[in-house]
Structures are given as structure tokens and as C-alpha cells.
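Note that subunit A is present in both complexes that follow, paired respectively with subunit B and with subunit C.
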Partner chain A sequence: MVGETLERVRSGINGMDEMMQGGFAFPSTVLVAGSAGTGKTTFALQFLARGVKDGEQGIFFTTLSEPTQWMLRFVTHFSFLDKDTFGKQIRYVDLGPTLRKDRDPDKLLKFIDDNIAEYMPQRIVIDPISVIGNMIKGDYRMFLYDLANHLKNWRAVSILTGEVLPQEPYPVEISYIVDTVVLLSLGLTSEGTRRKYLEILKMRGTQHTTGQHLMDVSRDGITVTVGLK
Partner chain B sequence: MASAAAFREAASGAGGVLVLDVKCTQMTRVLVDILRHLITEREEAGVVFSVDRPSAFLSRLLEHQGIPQDRLLYLDAVTNISGESFDQEGKLELFSSPFCVNLFSEFVSCHSEKVAGGRKGFVVVDNLGALRPYMTNPCVERIVGALTTLGGGDAGFKSIFVMDKGSTPELYDIVMRLGGREVPL
Partner chain C sequence: MTRQNEAVMQRLRGALDSPPAVRKLLVTMRAQSVTRMDLAVAKILISERKERGIYVTIDRPDKHVLTILSRHNVAGPGEASTEMEPAGKRLFIAKGIFSPAVFIGELLNRIRDPRSGPPLDAELRAMRFLLVDNLSSLAAYNGPKGIDACFGHVAMMLMQYPSMRFIALAGRDSLPALGPGATAFFNLGVEIPDEWLMD
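The block that comes next holds the complex of A and B.
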């Protein structure tokens, strides 16, 4: 079977591991792309919370979407998040000041590397990665290549969230350098109701379910119902 | 950490082939923990054999964790195919790629004296399971065999394998067959 020798970690998303041979390959990089309100940050936090349950450490790098202070205030109502893990098993690091100050891809990468080397996490989130492309000076593609390479060599599964534009369904430049692309989207059902959907577009070394699958977000986090479209 | 305490007790003064069975996600932390014990507490010299990722990443981790590397020799089979190039602490020998199985064994044999040098030491592999995409199990067995003889008969020399028995049972069996002793964590 494809990917049977790859080690895997559970995604934390209810119903998703069955779509991808048991979980994300370890180590690997995952792009979770979607427009505003599709559940990207919730996905990322649920992934980190699963890691805590499995005895792993996580780092959540915020960029310039939402300061940690406000993000945490909005997400603490989720039942899967244990506040006792904040700053301990899950560390929050703001990339905003480094981005604003230098806009230098090498300095940004070093800042990320230094935090990882100090804390040794098995799960990493950068939320959102797509903002960095507009901020840094220099070669963005080279930065993305180095970043993805480093993240895997630190031996972690990393989720990079990506904001999408009306003219492109997902950030194309990032999709080439990651191992997995998960697309979160909004769509109308046949009854005319707007619902959320999850689709795995790409997953290296893994046989995965294709197509859009219905996704619900509740106090318990995201649940995917495979087969419901 | 618990792994250092268990390792300290099981490996205190003893050499041989030591196997630590840990989940793949915990390998790096356990590896750093063990190196901290061997280098800072026991002041031993040793070899890190990198077959999974460029040794610079482990080197940087040790630097951040305050573990000195002046008594470490890195044998690195990955950097040349990794797309990475950077300076690192510690002595470094690069292989052209992990496909050079014969070179592995020869190189390990050649370094036996240089590394052990009549004093206690160790070799640790980061991480044996990563060799599976590159070579067959008999090839891995030859490498493991060469690594276990690296101490050149020094009773205190340790060949340490941090591995995930659950994901690489066949490699675990090979190491145990070649005299491995599992350190319970």
C-alpha cells in the first residue's frame, strides 16, 4: 500500500484520519487553505490540542492576522482546548514584530528556527503563512522552500494556514512546496443552505479520500463526515 | 527527563549495544536527553551518525540546549542530498549520499580507533529507520554490524539505537539479533 512505511500522527480533526491512512505523515508540511471563516485557525488549534493528548509539544506562530491575545480570547470556548496547556505544552510566538522590523527572510527563518530549537515541538503551526509573502523583501519562493525543508528537518508536522483570493482556490506558490494541501471552503447545498466543506487536494505518499466532504464546527471543534457532500 | 534517568541507570558504566524504543515523535527529545547525559555528565566522546536529516539540525539543537559538541564527530549521509548547506559545531564528515552502503561500513571501520581511541565512548544513530527508503534490510544489517564493532573491543563503548519498534519492527529485530539490549523507558 502507498505510504505504509510512513510514520503518522493523528490530525485531531474528528473523522479526518480515516481519509488519509491514519493521519499526517511524520514529519511533513500541510497547507490548510480557505477563505475567511472557513475554520483554518480552529483546524490548527485542534491539531495542536491532539498533540498535547498524545504527549507532544506544539508551537503556534502567529503572523499578522490576529494577535495572540485576541485569538485566544475567541477560541477558549472550544472544549478541546485546555487552558492549562497555554504557554506550556503549546507555546504561542508572535512573528509580527520580526516581520514588521526587518522584513528579512533570513532573519525570519532564523527566528523561527531558534524558537523550534529551544522548545523542540513535534507540532508547529504558522497562521497564516500567506501574509509573509506580502511582507518580506527578497525571494519568497526561496523562503518557502527553506522554511518547508527546515520544518521537516526539525522533525515535526507543520500546518501552514493560507488565505485564499477570489481568483485562486488556494495559494498556488505554497501548494508546491508542502506535502499536503487541505482546502476548506463554503458552498451551497441543494437546499440552498451555506455549509462548510473539507477536501484533501494533495498528500504525498498517502492514499487519501478525494472530493469535498461536509464539515461542521461546534464547541467540540471540526467534524468531517466522509461521504456527505 | 525520564529517559535520561532510565538511561543513566541502565547504562551506568556498561557498554554494548543499547536500544531505546520510543515513538517516532519523541526520538529527538530522547536523543538530546541521552547526549546531554553522555556528554555533560559522563564527559564521554562520541559519534553521531546522521542518516535521517542533516546533522546541522541536531547540532543546532544541542547548541540551544547548552550541550557542548567539541567531543562529537558527526558522520553525515544526508546533507549532500538535502538542499541544505550551513556551518555547524563539532567535527563533520560528509558522505555523498545514503546510498553508499559500502562506504558506510568502511568508514565506520576506519574511524574505530580515531573515535574510541582507547577511552570510553559511544556511537548514536539518528535515526536508523530512515535508511529504509535507501537500502534493503541486509544492507542495514551490515551497517548495524559495523557500528556495533566501532568500540574496537572497549568494554565501556556504547552503540546506541533510538528507534520506534512499532514502525520498524524488522530493524528492531536486526539490532536485537546483533546483541542489542533494550533500555526500558
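The block that comes next holds the complex of A and C.
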């Protein structure tokens, strides 16, 4: 079977590992793309929380300059998140000051590398990556290429979340540098109800389920029901 | 340091204290912890015991490894080098991308043929370890012949330099892919239990 020799880590998303031979390939880079409100940050936190349960360390880079206490205030109602793990097994690092101060892609990469080198996490999140394109000087595509290469060297699973623009299904410039693309979307059911969907668009070295699958966000986090569309 | 970390370090120190006859040591753990264990082994060998040696990285750039060792005060640019030169540094970090066999082969050729560069034999005689940081990757890039060639080159290196030990780290789930010859090659296996890696 494809990808049998790859090591895998559990995604933490209820129902998703069965869609992808048991989890994300380790190490690999993953783009989680979707429009506002589709659950990208929840997905990323659930992924980090699963890592803690499996004895792994995580690092959460935010590009939104959102103070830790505000981010935590909105997410701590989730049952999967143990507040005691924040600052310990899960580190929170704000990329905002570095981004605003220098707008220099090389300095930003070094800052990211330095933090990863210090904590040596097995799970990395950058949320959202798409903001960086508007903030750095220079070539965004080159930055993304360098970032992906740097992340792969860390032998971790890295999730980059990407905001989807109205005219594009997913951020194309990021999708070609990652191993996996997961698309979160909103859609109307035949009854006129707005529902959320998860779709694995691409996953290197893995036989994965295709198509959109119904996804629900509750206190327990995201649950995907494979087969329900 | 937590009790779990101390337990890991003690097990590694115990293994590295093995009699000189134990020259081929395999440390296994879950794949997700290999990078941290690489660092732990390097700390013991280089920071604690001040040993000289070669660190071969299979799937990372040599400069990346130097960054990690420097960041954790194991070996900075003053002590480690990515260039193998005579009378050099305490640690040589070598790229063994795909397989350490290529790098070891080049090293052995250089020793046999003095015209190929400055002499390295005295340098290598002072080295006490040949560390391979993620043997798991060997199976991803090589078939059985390539894996055999790797161990063949390591054996030649150990024969040439009797004071040198071979230490390799690998994710335990990758061992079947490496084949029975790989595990049989080592004379000591050390397992790091998952529960020691939980903090």
C-alpha cells in the first residue's frame, strides 16, 4: 500500500485519521485552507492538543499579533485543550513584532528557526501564513519556498493555515510547497442549511479519502463524518 | 530536569559506558523523538565527555545540525565544523544525505590516497565516535543493496579506526524496513520507552 513505510502522527481531528492511513506523514508540511469561520485555528489547536496527549511538544506561531490571553479566552472552552499545557508542552510565539519591525523575510525565518531550535517541537503551527504575504518586503513565493524547506529540516509535522480569497478555492502559492492540502469550506445543504465541510485535496505518499465530508465543530472540537456530504 | 529526562539520560550514559568491545550501538525510540534523542546523545558525548567525533546527518543540512548544537551549547562554530580538515575542530558534522556510505567512502578514499587532499589519518585516530542521526531515513532512500553498502562502509571505518564507536539512532518502527541485517550489525541495542518521553 502507498505510504506504508512512512511514520505517522495522529491529527487529533475526530474521524480524520481514518481518511489518511492513520494520520499525517511524519515529518511533513500541511496547508489547512479555508475562508473565515471554517475552523482553521480550531483545527490547528486540536492538532497540537493531540500531540500533547501523545507525549509530543508543539509550537504555535501567530501572525495576527493577538495577545496570548485573548487567543486563550476564545479557545479554552474546548474540552480537548488543557490550559495547563500552554506555555509548557504548547508554546505560543507571536510573529507580529518581528513582522512589523523589519518586514524582512530572512529575519523572520531566523526568528522562526531560533524558536523551533530552542523548543525542538514535533508539531508546529503557523496561523495564518497568508497574512505574511502582505507584510514582508520581497518575494513572498521565495519566502514560502525557504520556509517549507526550513520546516522540513525540523523533522516535525507543520501546519500552515491559509485564508482563502473569494476568487480562489485555496491559496495556490502555498499549496505547491506543502505535502498535504486540507480544505475547510462552507456550503448549503439541499434544505438550505449552511454546513461545514472538510476535504483532503492532496496528500503525498498517502492513499486518502477524496471529496467533501461533513464536519461539525462542537465543544469537543472538529469531528468529520466520512461519507456524509 | 524532570525525572523522565533524567531516566533517558541515565540510560544513554549507561549504554555509552559499555566496554570498549561494544563498538556498534543502536538507540531506538519512537520516530517523533529521534531529533531530541540525537541532541541528548550529542550532549553526553561532546559536552559531558569532551569526546571528538563525526556526526553524520542523513536527512538534514549539516549547517542545520550545527545551528541546533550551537543553540543548545553542545558545540558552537568554534568547536564544530562542516569541513573536514586536519587539526580541525572537536566535531565534524557531515552530510550523509541518502546514505552515510557516500561520505564514508570519500573519507576512506582520501585516507588511502594522500594526493586527494591534506592528510586526515591522525585526525580520525583521535576521534571516538561516528554518530548517525536518523538511521530510519536510510530505508526511505535505499534498497537492501544500499543498506548493506552503508553497513559495509561503517565496518571498514571501524576496522581502520579501532578507537571509534558507531552510534546510530532510529525510530523503532523503521527497523523492519531496514531489514534483519541492520539490527544484527549492532552489538548493543538500547530502547527508550515512550513513557520516558512524555514531558
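Note that the second predicted complex is superposed on the first by the 226 of 229 C-alpha atoms of A that agree within 3 Å, B and C clash if a C-alpha of one lies under 4 Å from a C-alpha of the other, contacts with A are read in each partner's own complex, and residues count from 1 in each chain.
Note that in this section a residue touches a chain if its C-beta (ideal position, glycine included) is under 8 Å from a C-beta of that chain, and two chains touch if they have at least 3 such contacts.
As the structure is a prediction and not an experimental result, all values here were calculated from the model.
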- Query: Which term applies to subunit B and subunit C once both are placed on subunit A by superposition, clash or fit?
  - Reply: clash
- Please indicate which partner A:130 is in contact with in the superposed arrangement: first for subunit B, second for subunit C, both, or neither. neither
- A:98 contacts which: subunit B (first), subunit C (second), both, neither? neither
- Message: Contact-wise, after the overlay, does A:153 reach subunit B, subunit C, both or neither (first, second, both, neither)?
- Response: both
- Message: Output check: A:55 vs subunit B and subunit C. Expected answer is one of first, second, both, neither. What do you get?
- Response: both
- For A:122, is the partner it touches subunit B (first), subunit C (second), both, or none of the two (neither)? both
- Task: Overlap the subunit B and subunit C contact sets on subunit A and report the shared residues.
- Result: 5, 7, 9, 26, 54-56, 113-114, 117-118, 120, 122, 153-155
- Message: Considering only the defined contacts, which subunit C positions touch subunit A in the complex?
- Response: 31-36, 39, 59-61, 64, 67-68, 71-72, 134, 136, 139-140, 171, 173-174, 177, 194-195, 197-199
- Item | Interfacial residue positions of subunit B with respect to subunit A in the complex | 23-29, 32, 52-54, 57, 60-61, 63-65, 82-84, 129, 132-133, 164, 167
- Query: Can you list the residues on subunit A that touch subunit C in the complex?
  - Reply: 5, 7, 9, 26, 54-56, 89, 113-114, 117-118, 120, 122, 153-155
- Item | Residues of subunit A touching subunit B in the complex | 5, 7, 9, 26, 54-56, 113-114, 117-118, 120, 122, 145, 149-150, 152-155
